[in-house]
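Please find one structure pasted underneath; my questions will follow.
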Amino acid sequence: MARPHFVITIACDDQPGIVAAITTELAAIGANIAESSQFWDRQTNHFFMRIAIETPDGVDAEAVKRALKAPVARFDMRIDINDLAHRPKIIIMVSKFDHALLHLIYQIRVGWLDAEVVAIVSNHEDSRRVAENEGIDFHYWPVTKDTKSEQEEKLLELATKSGADLVILARYMQVLSDTLSRRLYGKVINIHHSFLPSFKGAKPYHQAHERGVKLIGATAHYVTADLDEGPIIEQETERVTHAMTADDFVAAGRDIEARVLARAVKMHLESRVMLNGHKTVVFG
Amino acid sequence: MARPHFVITIACDDQPGIVAAITTELAAIGANIAESSQFWDRQTNHFFMRIAIETPDGVDAEAVKRALKAPVARFDMRIDINDLAHRPKIIIMVSKFDHALLHLIYQIRVGWLDAEVVAIVSNHEDSRRVAENEGIDFHYWPVTKDTKSEQEEKLLELATKSGADLVILARYMQVLSDTLSRRLYGKVINIHHSFLPSFKGAKPYHQAHERGVKLIGATAHYVTADLDEGPIIEQETERVTHAMTADDFVAAGRDIEARVLARAVKMHLESRVMLNGHKTVVFG
Amino acid sequence: MARPHFVITIACDDQPGIVAAITTELAAIGANIAESSQFWDRQTNHFFMRIAIETPDGVDAEAVKRALKAPVARFDMRIDINDLAHRPKIIIMVSKFDHALLHLIYQIRVGWLDAEVVAIVSNHEDSRRVAENEGIDFHYWPVTKDTKSEQEEKLLELATKSGADLVILARYMQVLSDTLSRRLYGKVINIHHSFLPSFKGAKPYHQAHERGVKLIGATAHYVTADLDEGPIIEQETERVTHAMTADDFVAAGRDIEARVLARAVKMHLESRVMLNGHKTVVFG
Amino acid sequence: MARPHFVITIACDDQPGIVAAITTELAAIGANIAESSQFWDRQTNHFFMRIAIETPDGVDAEAVKRALKAPVARFDMRIDINDLAHRPKIIIMVSKFDHALLHLIYQIRVGWLDAEVVAIVSNHEDSRRVAENEGIDFHYWPVTKDTKSEQEEKLLELATKSGADLVILARYMQVLSDTLSRRLYGKVINIHHSFLPSFKGAKPYHQAHERGVKLIGATAHYVTADLDEGPIIEQETERVTHAMTADDFVAAGRDIEARVLARAVKMHLESRVMLNGHKTVVFG
């Protein structure tokens, strides 16, 4: 079956004529629009658009780009053209808890997520066997105060060499440095095991248990230099009771973390997430 | 604050150029697109689109219609132009349980639903006081085998005279005749107190209790001649336990029915629901 | 149908023999246990129990109390015996938004909540008509810095004179004084329109919108002198999107607030909520 | 930390004195009640109880049984005493889709489920590698009309020899024979990929897609001779949209199936599920 070939995302200030300008050029090259979503943020007058198109044979990314050159210039658009023939590459970072990692690998295997895991990076040895079973490169890079910057340099190098499109912190319990957070901004997704902004920082399930909440949650967000304050992509909550211990919260939270992270990654890889200041637009 | 003035819905067979054709004409009359959604049903090759626009002063519904005349003809589109200056009129039908009715009235009062209730029709007297408190015309039309067709004639007449855009069966426990169902097709929304297609027919909560399900639900759908088989607009479920009686199910179900119906009505009134054979497209 | 006549709640330090001691005495007076729940908090070794019983004719609350006197003394229990023949009395306080109030009234009307509203108290006139329609005493007590303590005195007096079992802050936007919070501790339930502990204080939906969360929530809790820090009884969340404004959050939040509050009130009135330090045990 | 040592489940006709009789005997042997739940089905007057106890050193299952002998006889109780020192053994059956299998294995690995997988049985070779990685016996038993009864004999033999407490159909796509269903009644849990009783039989996601539902679901139930009619243990639903294909439903359903099945298995293994005619009591 023919599938959309390109996903185009566009952001600019809003004004009449944007959609007409873009879609007229697309029609001119014979592109058929398979999906289209848009959002006009009235507070800021920013306009966001995502279009998935199918093009005739011979119309490649370069041709699409050329076709859109005029409207992009006219409306001063930020534009991204994502060729669906390119399979996204991801690096997964993990510490000791591997449920989020395993869930990502499984979802890739069954095709719900379309991505290639180019490496698993960990500050512990625990996930080596999983990596080997899957035939994925495993990098054991323990982190101390002294080795942290060196390790981050290696990560950047790995990201560059492997052509990784996304770095996923799948319960990676080290805080990235400000520098790294800035350099990879919008390219690193973290799963935080609480319903942010509640329970920032360490041991959120224990904080939640101590507070006596009736729901726990998980939050997938882009990593920023400001810890646990990055733009939120996806969240979910689950009911807990007084009869559960903090450890029960941890156990109950594993599923929700794994699912929330996987959904956020899927949305990102399908170019459904756009940054809007410190918030996100998610075209579901 | 300026709000969208018109909502345009379009349905036709899919082919390249549809969006460009429409949006180019809209740009030509200075319309700004506030919201836009589309769906291409690959199984049937049907294309569905909903566009909310804001137009400059002086551009009225007639002008929008004129502007779109060419593409409508070219692509053989079904088109609807909904002027948001027109406040939709609704008739609510109810039997004895008034929770869904009360919820609709409340949601209108606080502005979440934008509609005018032109009449409440019931086969019981129970809701008269509510209607009078709200200053809404109340029609007590008891239904027997003999009076049913006569009562339906009165309903049609009322709908015509009042200019009602929508009839809502808010726990109205009479089955509409085939004839009426066909004449008002797409204009009557019913709330069924089960997660359809489970537990069609009478006493669904008791059926659900008897079966020992762990979730109960509610379904809002367009009424068709085929009972409980109409296109589904909205559904939701809620957890129940073995410790609950069938009456507890009924009580728990009231909230969910009221909310599911109100959401379906809102979606319909905002022209977010389009019929796609015996299914619906809902642009959320 | 025969229904449970008494609900007994018990709290003490845990040790073997508690349940046997209590239930043996209950069996001796011919009481049948209709429902029973218990919780042993291993962190603190506190034991909590709720038993609903049906007793033979002639066995009244005094007789139940007498029967349990020995085990209560032996295990140093806090005990409450709630006679279900006594219909609980509640005072509802409200400011301008009346959805939570209306929902409570409706749930009482249809019997899901079993309580008598002895008064509606407000610092605004808006809900007078609702109160009058329902035949409920309405007290308009505007609050300024100068009149606050006087108003709180009146509230205490009203609670005493009316024999109110519970005061419900159904979107009452005044903070109770420390003194009042302490005097009525465990007898005042508030609905906070956020998923606490996120977004304490004023305008939580606007805070949530600003932060870009993907879920909003509501929290019902007992009122303490420490604002928004009281023991949580019930919470729920609901999905929101980037396309919604802060006002849309407010609208979406109304349902969830009303439902969460009503559930918390129901749990409380059925003696299902027990205080466990700054947390609650909720026997669902 | 000390953990409950025994879980006792009891079922009998309801009458006063049951709880006292049981808990008095338990207190006499120094047992401490860690958890207790009960349910009185007023429709049938059946009484169900689950008690988790911790006993002093030297009090073993035999001693508990002996202690309860008198009340068991007096009230004509069905009783089960589950020694928590015994780790439950399970057989997992699977066809081609392995997500539910993988989820069970993972939940066992992290300790959320406490069980030993004594064998994986499949009518396909696909899961052999998973079994081998985990060091679990794998039986490839293809099923045809001719080999079905033979294969079922092997299953019974395997269950007996391995001492399996539970057989889990984790997307095993063969229907068990009436004979086998009856012999293993209450010992076989299946996951059905729909919200039963909707969409029984084959390809439920495609049926759901065809019907245009807005929620899909999964149901874990005990297997009976009556296909898809067994007592329901657990269910859950998830939102879908018009924009999703039947294949998207299948993908979205995987998570929910895996979770619903795992929860049902956990409830069963913890003796929280009791059969009540064709329904279940689930002490959550």
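The chains carry the letters A, B, C and D, assigned in the order they are written, with residues numbered from 1 in each.
We adopt the following convention: contacts are C-beta pairs under 8 Å (C-beta built on N, C-alpha and C of every residue); 3 or more make two chains touch, one makes a residue touch a chain.
Please read these numbers as outputs of a predicted model, since none were measured by experiment.
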item: Mutual neighbours - chains that touch subunit B and subunit C alike; value: A, D
item: Residue-number overlap at the subunit A/subunit B interface, same or different (half cut); value: same
item: Most distant chain from subunit A, judged by the mean position of its C-alpha atoms; value: C
item: Cα-centroid distance, subunit C relative to subunit D, in whole angstrom; value: 36
item: Centre distance in Å when subunit A and subunit C are each reduced to the mean of their C-alpha atoms; value: 41
item: Junction residues of subunit C, two or more chains touched; value: 35, 42, 243
item: Complex contact set, residues of subunit C against subunit B; value: 35, 99, 102, 106, 110-112, 133, 243, 251, 254-255, 259
item: Contacting residues of subunit A [partner subunit C, same complex]; value: 39, 42, 195-199, 211-215, 217, 231-237, 241-243, 245, 276, 278-282, 284
item: Residues on subunit B engaged by subunit A in the complex (per definition of touch); value: 1, 14-21, 23-24, 26-27, 30-38, 40, 42
